[in-house]
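First comes the structure, then the notes that go with it.
Here the chain labels run A, B and C in written order, and each chain numbers its own residues starting at 1.
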Amino acid sequence: MRFKFPLMAIGLEVAMIVLFGLFVQYETDQNIRQQLRSSNSTDVDRFFELYPLFQNVHVMIFVGFGFLMTFLKKYGFSSVGINLLIAALGLQWGTLMQGILHSHGHKIRIGIKNMINADFSTATVLISFGAVLGKISPLQMLIMTIIEIAVFAGNEHLVAEIFTATDIGASMTIHAFGAYFGLAVAGVLYRPGLRRGHDNEESVYHSDLFAMIGTLFLWIFWPSFNSAIAEAGDKEYRAVVNTYFSLAACVLTAYAFSSLVEHRGKLDMVHIQNATLAGGVAVGTCADMAIHPYVSMIIGSIAGMVSVLGFKFLTPVFATKLRIHDTCGVHNLHGLPGVVGGLAGIVAVALGASDTSTPAMQAAALASSIGTAVVGGLITGLILRLPIWGQPSDQNCYDDSVFWEVPRWREHDHHFHEHHGHNHLEPEL
Amino acid sequence: MRFKFPLMAIGLEVAMIVLFGLFVQYETDQNIRQQLRSSNSTDVDRFFELYPLFQNVHVMIFVGFGFLMTFLKKYGFSSVGINLLIAALGLQWGTLMQGILHSHGHKIRIGIKNMINADFSTATVLISFGAVLGKISPLQMLIMTIIEIAVFAGNEHLVAEIFTATDIGASMTIHAFGAYFGLAVAGVLYRPGLRRGHDNEESVYHSDLFAMIGTLFLWIFWPSFNSAIAEAGDKEYRAVVNTYFSLAACVLTAYAFSSLVEHRGKLDMVHIQNATLAGGVAVGTCADMAIHPYVSMIIGSIAGMVSVLGFKFLTPVFATKLRIHDTCGVHNLHGLPGVVGGLAGIVAVALGASDTSTPAMQAAALASSIGTAVVGGLITGLILRLPIWGQPSDQNCYDDSVFWEVPRWREHDHHFHEHHGHNHLEPEL
Amino acid sequence: MRFKFPLMAIGLEVAMIVLFGLFVQYETDQNIRQQLRSSNSTDVDRFFELYPLFQNVHVMIFVGFGFLMTFLKKYGFSSVGINLLIAALGLQWGTLMQGILHSHGHKIRIGIKNMINADFSTATVLISFGAVLGKISPLQMLIMTIIEIAVFAGNEHLVAEIFTATDIGASMTIHAFGAYFGLAVAGVLYRPGLRRGHDNEESVYHSDLFAMIGTLFLWIFWPSFNSAIAEAGDKEYRAVVNTYFSLAACVLTAYAFSSLVEHRGKLDMVHIQNATLAGGVAVGTCADMAIHPYVSMIIGSIAGMVSVLGFKFLTPVFATKLRIHDTCGVHNLHGLPGVVGGLAGIVAVALGASDTSTPAMQAAALASSIGTAVVGGLITGLILRLPIWGQPSDQNCYDDSVFWEVPRWREHDHHFHEHHGHNHLEPEL
């Protein structure tokens, strides 16, 4: 039991190394350059033009997603730690999966767009991770990473190459996909024993502040996320500008509705940590189109509102009626705003904002992203239900100490350490 | 009462969307391009040249200012949360206010400099927010944001266009302005009931560490703040180099004087969090001039020293004698160093370091920035004193739980949650 | 006693200002430009091409190293605060030391590479700081900064100019050097009284999360660290790609071995915080060579494994048998992986991956880096043992309250504040 996780991790890394040895090359290798008759200088110049945007996305993946999930009082190590683990695995696997589909039999040449897309492909898994946070083992997450990224790459290929739909900020292919994949997994792994909640499933004051580190870095760098793989020039420029203003507008409505839906008018940290980001998700599909800044702001405003309403009214219904428990509320941050983004894309294309896609193809892309995600998530969930992956017991959910050596809470907390710190029954890693 | 804040936030956002629809366009719109006979490629190239500097400034505004103010033990949610709210509103409003003054009747074209300037204009409000931190409601901050950015844009236009003074890092127009505006508001809103302090007006160990996140990101990216709107080439280069060395020098004197002024020689976190940044403020006005690196270091050294001395000796006097209570000590981080920066600018111009301004114009810019700020702040303070904005009672100052759903402090703190967490009398949001 | 630290800090800053006045100029000064017949535009263009990479390194130095060391429960102020202090001093001193060796009698012209190298030179001191963390006074760290950067600059000159060895990511000249320098100092300053450990030498839950902020920003920006001073074009490109994949591979083996070596299979935060970074260190020397991405991943995998094994088996032996107590385990993060990097460089050069160096010269560089570090560290240790630097007593180790005004731990901890907060005997700053 205790060797499954490390052996799986080592086995996967060995497999990655072998596959990279067989299929991956530098973009600048002489033989490739001659073969393609391309000059190297342009490629490398473009590499460093986009490198700052890549680094922004990189911060979002590792600090943004990682800290956003540290809001649980006893699950910070796992949130930020497993986030790092699956993103590190996912970026290697995503390089291969996306590369193979795009390279048409040639070797995969690593350029800056491969690296950005590799980071993107990890984002889907990190979103799905949010739905099952605290209820799943590191080993299960390794399995899920491998399956989900393969499915993601397939759907992304379908959307971009077959439907030739436009989805520059990936509202559909990353956000909606990751959310519905995660919800499907969460549905299959539903724990009736926790339907009344769990003592650990709450935040403490400082864990909510740690989560704000994640929120802010996601918020700040989202314009880079939506523009990183846009066509250079006007489209890239508009992707930045539209996302910047959509996010700003979204903050205002998220705060307003957070206050409105609470009966004493107080703000809820869950809304602020998440719904303020919905504008970045929802403007994604049409971020690079000439939709006018004020339209971005309308999209952002709607997203902030929808996201808060989702947290308040939909999440409880999902947990009780649909038997889908969504720990981080990814449906409200990524699912609903992703659908809003997909719909906005259909409307924008119908109004002529893009000359490469049609409303039907956009609709097909949205349906395909959700459909593939749900089917992929259900199958993944069934695989993860096999009783061999060390899934934590109901009692041990949302608790780092199942998988981590955990120190006491703070300096003079002797009793906590002695009485609770090391009392969990068996390690299930 | 409980609907005032959300309705104001929604109303402001609707107003922003309408105003953007009327007055704002992309920089790359075909019709504008033809009208101005400008080629688009240069604009867009410059956009992505400056985009990394913009992103640095963006981190400063949202993470830097936000976390710098989390030092209070029970006011972290508000510090980082209201910071996000007012910056998101402020950047939309700042885009309009600064754009209208610069666009001479044409539509406002959103380029990278507009976005940098929009972020800058929020900085003034965030600085002023520091002076009234913990004593003001979110609703009051929305009002203050609207008024202060309008006044700021007016003064900035006066300084740059009428006086043609130079102030590239905005020592005068942002830092001194924001500080004195905030002090004027704080003076009008003075609370005699808190003249002996408040139990909540102190830090705890980890809140001081959260604040250091803000300090460090401000410190690291300050060279980008001072160079972001500098003329490309030598001036931009010098703005980076001068700021880099000024900040480094400032750290040494801030540490030295923090130890010197404490009777046992210990360091004070308040000084380290704030005074180490004074070098960035003070070198601002002459950051792009050829003043020599060693002169930047002298300016930084003086600023670090002045800032610590301000915290130690001036802030208590302000609170007791002048009846101006400055929560974050913005006078010491932004006010005094801003004035030092303005004076350094006068001297530098007198010595011939700039060929576009005169010492008299520099002095006029400094006087105008302080004067406008004080008058604007006094009027704003009077408006905010109207008993309709949900200002917290003395007893509820510096306490997140007035405006936020607040979780317990940490895992096994049952008594705290039960006895204190939800006992505040009325929500005043 | 209590004036030694501030006076030393002021004295050093005054010295820096004088030396900068004598030896340092802008890169763009007219007289220099004419003298060198160089056009300014290229230099300034290159400045802003590399500026984003510089800023990434800057984040690593101040946030990365600073927060990585905040894992100790009562030493966070010192970790992040003294890190800032010595980095601010070190970058000024490093500019001078490295500049003098490279400028051949001319004035030092500040370009972007000087700033990157200045940041690099502080990294050596910050690494060594990790070995003595908690056992040394701020005054001692000022002395150590001055000595170590001088020795570092000498060794770096020897390696780069005399041996003409290649070490683009500085596995040898920064990481191995900094680690062995620090270990030598720690050996000389060994405290027999603490051979059974110290109550304060442990983390609490949230201090481990603060440390992860450091880990993640180091991890994210390491590709910039290894490529920042690489030759523009292919080499710079490869330095990014190799480091990106080495780090990703390293994470998998670090997690696997962390779980393997713990008897219940749990993960250890110390390993995750540190060993996940070893891949960045170990790929440093050959980062810019055409070694193939899969070889980078092999190097990273080995580094992650070696680093965890070092923490588990070597560090205890060092502390007990060799009487070298390494607080942060810098030997495992920087020492061993640095040696792995040096050895990988020898092999890579032997296999023809570089045309500018030979295996013998690479070996000489590795030997020189370790040898200089040990000798320099021993001498520095002897100087720091002089009983005039205010070194804390054994009992006061790992405790901020010796050098800092420390607030209570959290809101309702009245007893802690009253009984422990201000009870330390004498300030030893």
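As a working rule, contacts are C-beta pairs under 8 Å (C-beta built on N, C-alpha and C of every residue); 3 or more make two chains touch, one makes a residue touch a chain.
These numbers were taken from a predicted model, which means no experiment stands behind them.
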Interface residue identity across copies chain B, chain C - same or different by half: different
Degree value of the rotation bringing chain A onto chain B, based on Cα positions, nearest 5: 120
Distance from the mean Cα position of chain C to that of chain B, given in whole angstrom: 33
In chain C, residues with contacts to at least two other chains: 52, 206, 213, 409-410
In the complex, chain B residues that touch chain A: 1-3, 5-7, 9-10, 12-13, 16-18, 20-21, 24-29, 40-41, 44, 47-48, 51-52, 55, 58-59, 62-63, 66-67, 70, 76-77, 80-81, 84-85, 88-89, 91-92, 110, 115, 138, 206, 210, 213, 403-413, 427, 429
In the complex with chain C, residue positions of chain B that touch it: 49, 52-53, 56, 73-74, 202-209, 212-213, 216-217, 219-221, 224, 233-234, 236-238, 240-241, 244-245, 247-253, 255-257, 259-260, 262, 264-269, 272, 276, 290, 292-294, 297-298, 301, 409-410, 416, 420
